[in-house]
Amino acid sequence: MRRLVVVLLMSLALLITVVGLGAAESVLRVAWMSEPKTLDPVGPSDNPTLWALHNVHDCLVRVSDDSTYIEPDLAELWEISDDLLTYTFHLRKGIEFHNGKEVTAKDVVFSLDRTRDPEQCPYSDMFKPIEEIVAVDKYTVAIRLSAPYAPILADLAMFNAAIIPEEYFLAVGGTQEFGRHPIGAGPFKFEYWKPGEEIMFSKFEGYWREGQPKVDKLVYYIMPDATSRSLAVRAGSVDVAVYIPYGEIGTLSADPNVKVSVDTIWRHDFVKINCGIEPFTDAKVRQALNYAVNKQGIINSVLFGYGEIAPSYMPPVLYFNDELDPYPYDPEKAKQLLKEAGYEKGFKTSILATAGEPVMVSIATILQQNLRDIGIDATIEKVEEGTRWDRLIAREYELSPDYYTSDILDDDLLTDFGISYAGNQAYFSDYHNPRVEELYALGRVTLDEGARRDIYHEIQRLAHEDAAQIFLTTTPNPTAMRTNVYGFLVPANDFYRWEYVWIEE
Amino acid sequence: MHKTTIGTIMSRYIVPFFAGEDTTRWETLKNFIKNPNSKAGLIMIGILTFVAIFAPLIAPYDPYRQNLSESLNPPSLTHPFGTDLYGRDVISRVIYGAWIAVKICVIGIGIAFIIGNLAGALSGYYGGWIDAIIMRIVDSIMSFPFLVLVIAIMAIFGPGLKNLYFAIAIVSWCQYARIVRSKYLSEKEEEYVRAAKAIGFSDTRVIFGHLMPNSIMPTIVYASLDCALVILLAASLSFIGVGAQPPTPEWGAQIAEGRQFLQVAWWVATFPALGIMYAVIGFSLLGDGLRDLLEK
Amino acid sequence: MSLGRYALRRFFGMAPVFFIVLFTVFLMLHLIPGDPAKNILGIMATPERLEQLRDALGLNEPIYKQFYLFLAQLGHGSLGMSIRYKAPITELIFSRLKVTLSLVIMSAVFCVIISLPLSLWATKHRGKAPDYAVRVSSLFIFSMPEFWTGLVALNIFALRFGLFPTRGWGVGLLDNLHHLFLPSLILGLFLTALVTRALRSDMLEVLRKEYIQTAKTYGFSDRTIYLKYALKNALLPTITVLGLNLGWLLGSTVVIETVFSLPGIGAMLLDAVIVRDYPLIQGISLIFALAIMLNNYVVDMLYGLIDPRIYR
């Protein structure tokens, strides 16, 4: 009898221990750079929001881990019709949303119709070639195009093409509520949101990818100051700090408790030129600016050696033209060009930068000095990011350091957004080259890889010669994390894959 | 009129400090030099002013010259205070920062001093509604925290060093006015003033010739301490971004620039901070010494 | 006169000052050189956007009418709408009030805790080593720019030793205090330096007073004297100095809140300046001014309570 009791007690103890150990939750704490505006995939266009959406939402397809091809996500396979106009996607069966409802073709149709609605989505343009989306049966969706459209697969891997539950979305009354309490098919469920402070996600037990996510909880702490983020990861109050300052990479790597991952991403840093106003309407002046800026100097100082000088408007995404030589640092040549353009005495201009963005301000400071060396007197104006954005759209600027990232594995997005006039007036710079416009349109409908490569190479060459921007650098993404954090992966589109990460205690 | 004015200034303000016959003032000067506070302060500020004025000759490099390949170099023989992010020499920037600090003190406090003394003189001498108005204005301005009022002024007129002088002057003159006014109120009934008025001297003459020489000392004491405060104020303003703008080598602005590198390149933010400390200590000691003098 | 009448007299005496303060705040929008709307939106703003803003700010009305509207708005307890946050300014200030208030109070507490014993100790050993040590260190601390001291403290104590959080306000009272510790300590230290420099002469004054001499002749021990009389009489100047320096303290919150990323009113003022949210700048300035006026009044009253000779 006594032995029985002992055995029972021991089993109980063992049970409690096991349960206790299992119950010890692993929480991945991430220091995030800025508060997302919403968790509705359709609507936002700012990076900190986009990069947070992937926790909660999945798309039909996604970018591979090594960022070189498109792989199945919610859709397990697809077929393209011979006339290249119909893409038929077959959904995996039995995938659930966070509320337990199954992901069906109806949800796909609903979600993608929102994505291509100009009233709701700032990127609807990219989906214009879609004529209609039809649910063929419960698990099959057919997307019919009006013309062959090469970027379509890459576009469907984009954040705003995420598949959301139609029923739930309509039930909560639309984007306002949905954006604050999202339901998706992604690896993490949304738990709560403390505005300005933190967002908590938890593991979605029913996630269709086996064994993911590996942590029980994921929390984003909103910490806009880059130095604070790196301080936090060093102090151990967070496990991962995104976008740490380049200057801290050395110190952080030297810290025995921290490791740094510097990952290539599709990011291009440059200085926007308002090509619509004098004297920047003259290509010679713009070229002079490119010769005047010490780009390697910027890499050495501001970026602490990280990054490559950019020859044109595209970072290496799909068809990077590596035959183009970047503009060398040649102030004499710059002065020569200014003289030819009739500005021998120089002129006054202003540089618009975001207050509190140290990299941007540093670039502006170097730019100011470089311009002074060739006779151009530039003042630096610091404003808040929201204000700067408004002013860019309203063309109330002359020069402004900026950057963009490609969200898709295709050159089309940045060509549309950054250099084509038809897209965004060349990202609000009013750069307009008819030949570029032709090629941009052609690149979309050409599916042959070789032909597409030539097209995008040519666009890059034209933009380079026209000096549409002051091309600066392709910059990598530095992330710092505690040494006990494993599995970290961020593909080149910055959609962090936290579902791969685990923490060893 | 001119000759008399110069004469008055000379005889009442300047000569007494050097003349042998007026022993009290001579003794005062000797005491001033003996006092350890004022001695130290005078030497420190003397050096500061010297460095500031001769900055172009003393500074080894152009404070604005960037050299991107020498970014963030630690202190060395070629760069005793190291270099900043843009490869600019820090010691040169700190030296030019001294010049800017001195300019801020002289111009900002200079204007405040003049306005304050005049306002206080009018207020104390005439009394009545002039006094009421001026003192109400003084009270109102002093109801705002200094920094907040200056920030608001900079927000209105825009950032930059020129507006900074102006803003500091607007905010600082009040205390001088108060000091002068209370001095005048007590001195007004003294013998020598009544005598001067009885003789028939004009108000202006009484004010500038008799009352002011006696009231100027406390304001000078306050001005010295004020310089210390103003340097700190200007540095704070530049630090938060509404004061001197880049690439001006104002000490506060330099600390702001060096802030992000405190871990990896401490010298960029620390040496300007030391500059501020030096100037503030110098002016404080000087002021303390002057005040000791006054209270004897 | 009695304390009550003095209180009333001083209160109503504040009226003209209050009026001028209101007028000054009102002027902030109108002193902007050129067109205020252009200043807020930038020189290259389109005419439509400019006109929109002018309407929103009521700039198209004649100036006396604008002032009247301003006063009327104030009478309703409203400070207007923030351009940037698009929310009532009173709400914004109120939501951040507890942060700044806690910072101010905790700094004052630190100041009193550190400065009183320090001053007493220094004065007891007047002229000897501790006295000089205290004087020299307060001079040093006073001369250090607060933002720099804050940065250094942040880097050393929050980072190197991980003792404190690096930014923010935290959740829950205990967490709040943890976040507040370092910033208030820095501010408190600076205040201590200020107070110590001011207090010393006051304490000497007190000690030279006759009744302490008298107490000594009656045989009270040294310790009793210092503690009972000196402390009580030192408390008043400490409070006075602290009170007089509320302005400096409030101004410092702008800088300290920025360095430690505390979501307070001071940090909001700075944000407002960067985005040129003039209504918000006006609102915060007004609140600060009112706080100081109130504070001066209270200090005067306290002074009156303790030393009635002032208003007799």
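As written, the chains take the letters A, B and C, and residue 1 is the first residue of each chain.
The rule is short, and it goes like this: a contact is a pair of C-beta atoms (placed from the backbone, for glycine too) under 8 Å apart; a residue touches a chain by one contact, two chains touch by 3 or more.
Predicted model, so just to flag it, every value in this text is computed and none were measured.
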item	value
Chain-level touch network, classified as line, ring, star, complete or other	complete
Centre-most chain [mean C-alpha coordinates]	C
Chains linked by the largest number of contacting C-beta pairs	B-C
Centre-of-Cα separation between chain B and chain A, whole angstrom	51
CA centroid of chain B to CA centroid of chain C, Å	23
Whole-Å separation of chain centres (CA-atom averages), chain A against chain C	43
Junction residues of chain B - those touching two or more other chains	241, 259, 263
Of all residues in chain A, the ones touching two or more other chains	355, 382
Where chain C touches two or more other chains at once, by residue number	155, 159, 274, 276
Interfacial residue positions of chain C with respect to chain B in the complex	16-17, 20-21, 24, 28, 31-33, 139-140, 142-148, 151-152, 155, 159, 246-252, 254-255, 258, 269-270, 272-274, 276, 278, 281-282, 284-285, 288-289, 292-293, 296
Residues of chain B touching chain C in the complex	136-137, 139-149, 151-152, 154-157, 228, 232, 235-236, 239-242, 252, 255, 259, 262-263, 269, 273, 276-278, 280-281, 284-285
Chain B partner contacts - residues on chain A that touch it in the complex	226-227, 245, 247-248, 250-251, 294, 296-298, 300-302, 355, 358, 361-362, 365-366, 368-369, 380, 382
Residue numbers on chain C that touch chain A, as the complex places them	41-46, 49, 84, 154-155, 158-159, 162, 165-168, 171, 261, 263, 271, 274-276
Chain A to chain C touching residues, read off their complex	196-197, 223, 225, 228, 231-232, 234-237, 355-356, 382-384, 386-387, 391, 394-397
